[in-house]
């Protein structure tokens, strides 16, 4: 049964490459099986072209390796902190995709400037503050995860499935590894378009609440009418 | 005979993908058969890779489904409003293409800065104002179509086949579905080039009326001499 | 023998597509056989995917069609004016490539900011002024050619093989059609890089004359030592 | 044995093309065999599509050709100066990649704005000053190499494997030709992302020293824990 989890996590990692969200060995995707209390994650620094499903690493929720020949991703503790802090999520993705990372490096939240954004993210995408020197030196990757959780005080992670970590890049999540990757792709598309918009006009504000509600809620929640899901 | 309409609308929707104007399930193209009073449109939220001609949905001009297993595009009412307001058009396309959407999100009309623009659009491309909260909540997609019609007071939609909907993206039209897609592609090309131009020099004005006339009219109208159409 | 000319002009036009310098039916390349006083040019508005060598049109230097079923490019008179004004050139290319056109629309000459530019163009690339309304209405395409010649007063067209026509786009030339296309490709590359440079720092000046001389002259002229040509 | 060196240098040069870092005949990669005192470099101005391993040129460290039918790269003396000044390096690459060159043309060092940068470069990437007219005219390519060495006073070239040569473009290096190319690719990626960041917010500062240390040192040096190298 863990084989199925490895396959899905492997495929989600490869989807990062196919969607042009990572280069080299950058990026990583994981998934959690909450019943078994098992997390599956990409190994650290392995060439995507040579990676196989059986290279995926299995860990418990404290980070102890349960199965796998290779070392897990160096960002593993960030993933674990997210699984702990966001109890409803099943997958996490981290990329260095160009435009999302550009916003993160500029330490700017990504404003909600249009309906493509509103279709997928319920409001502006938050950007963390900087980690203190002490926290960087203490347990960097775990503290990064905790910083994200702190940033989400007052924000519902079930309707805002992405964060920009300042001076670093985006993390995204979802019900499983595939959704986490999908959100990464949507984030990059929105980050690119809105990059161009703010160059065309400074000081753009978030769209009206009514328009945000309309677009987000026609795709998500009880009253959704986009797509074929609610039919038949 | 409706089969031919479905094939054309299907092909026009797939052309959005081939031309790089949409990702995921975004975007939609429709066509109208004015004699039969039948509109054909892409289904809502269906994966382009799996979409087939028989998935296209047939409706009457009031939006009643005549034929089709799937729900029509969530933007259907906007298309219908355009067919009503612009009696000479036969096809409508809607994309989230990056540069056109960037201008729409910046709420800036696309100025006519050069001859590539003038070859295809007779003047600057209008950008709508914002919909009121009331209109968003009332019948959003229909009101979007009506907003476009209102924006075209004093503009001839037969020579300006595109609009930017503020905080949303472009709609384009033409004599049929294929032309609507073609106009979307030209719009994106012009939106990209003129994005770069306004970064190179602020406060660029529209080109001279004489140059606009020369280029637009050498391709369109009675005196056109571009291409092979008027020959032989 | 004209067949060979048609093949070369056909191939040069197709190279515009392969190099990503044109879309749709935009752009055109011609060549002249000065001994025979014959110009060969792309037909007007023909789809690149369907174009064949025998579609190329042969004209005399006054623009009279000598051979060919199709109408010549609508920009033919501009090409003819360049062949008249620049007696040493054998080929001309015109594109709407994105970055070069962006500079042309901004009505800014392309400054010489680096050695890639200096390797191919001996100084900043001139941008024409605007054509008067009278000249646009009189004989637009011919006047465009004459405007380019006027812009080159004091500039040696043999060492500056490109111009930006304001609010329009680039024309380039060379010893034959293939070189004209090559120069278009170099122009677009330089236009893109220098676009980014001027966004990174305003008011950049042209590079030192000594550096321009060094790079241009190590590739061109009697003392050239780049490449394999002067060897053996 | 030199055959193996030629193969590696050939492959590294071709990797420049595959990674989209060069166009036309631009760019060049070399490697040195310190024991044999032999440098192997790409020939000058040869089309990548026709280049073969046996076209690589072998020289001694003073630039005398030892083996090869073709003239070595016109930038050879810059490579030789780097091998002399940086005794631990085994390969050098030079590209005209768009974003790195844009920074070089803007004469701006590339600030360290994020962790992708910090993963590969220990601090901001230096940009040289301008060469004097005298040095340009004297022995241009050798002086370019010496200028780079001068720029690195106080900077450890083993942890900063790239430089921007003002008004020219990047040079990178590493333990062999392949690493030099890899560093060129990372440089271009970082140059692109940080280009976008500085457009989003002016006057961005380098990241905290603690974050730079954390990322650089988790990949490099004795305490590295990224990847699979230190395992098993």
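Each chain gets a letter, A, B, C and D, in the order it is written, and its residues are counted from 1.
In this section, contacts are C-beta pairs under 8 Å (C-beta built on N, C-alpha and C of every residue); 3 or more make two chains touch, one makes a residue touch a chain.
From a predicted model like this one, the values you see are computed outputs, not experimental measurements.
Asker: What chains, if any, are shared contacts of subunit A and subunit B?
Answerer: none
Asker: For subunit A versus subunit D, which are copies of one sequence, does the interface use mostly the same residue numbers on each side, meaning over half shared, or is it different?
Answerer: Different; most numbers are used by only one of subunit A and subunit D.
Asker: Report the inter-centroid distance (CA atoms only) between subunit A and subunit C in whole Å.
Answerer: 47
Asker: Centroid from C-alpha atoms only, then distance subunit B to subunit C, rounded to Å. What do you get?
Answerer: Comparing mean C-alpha positions, subunit C is 33 Å from subunit B.
Asker: Could you list the positions in subunit C whose residues touch two or more of the other chains?
Answerer: 198-199
Asker: For this assembly, give the contact graph shape among line, ring, star, complete and other.
Answerer: Looks like a ring, each chain touching just two neighbours.
Asker: Contact residues on subunit C for subunit D in the complex?
Answerer: Residues 113-116, 185-186, 189, 192-194, 196-201, 204, 207-208, 210-211, 214, 218, 225-229, 231 of subunit C touch subunit D in their complex.
Asker: Flag every residue of subunit C that touches subunit B in the complex, lowest number first.
Answerer: 23-26, 43-46, 70-71, 74, 96, 98-99, 101-108, 130-131, 133, 136-137, 140, 167-169, 195, 198-199
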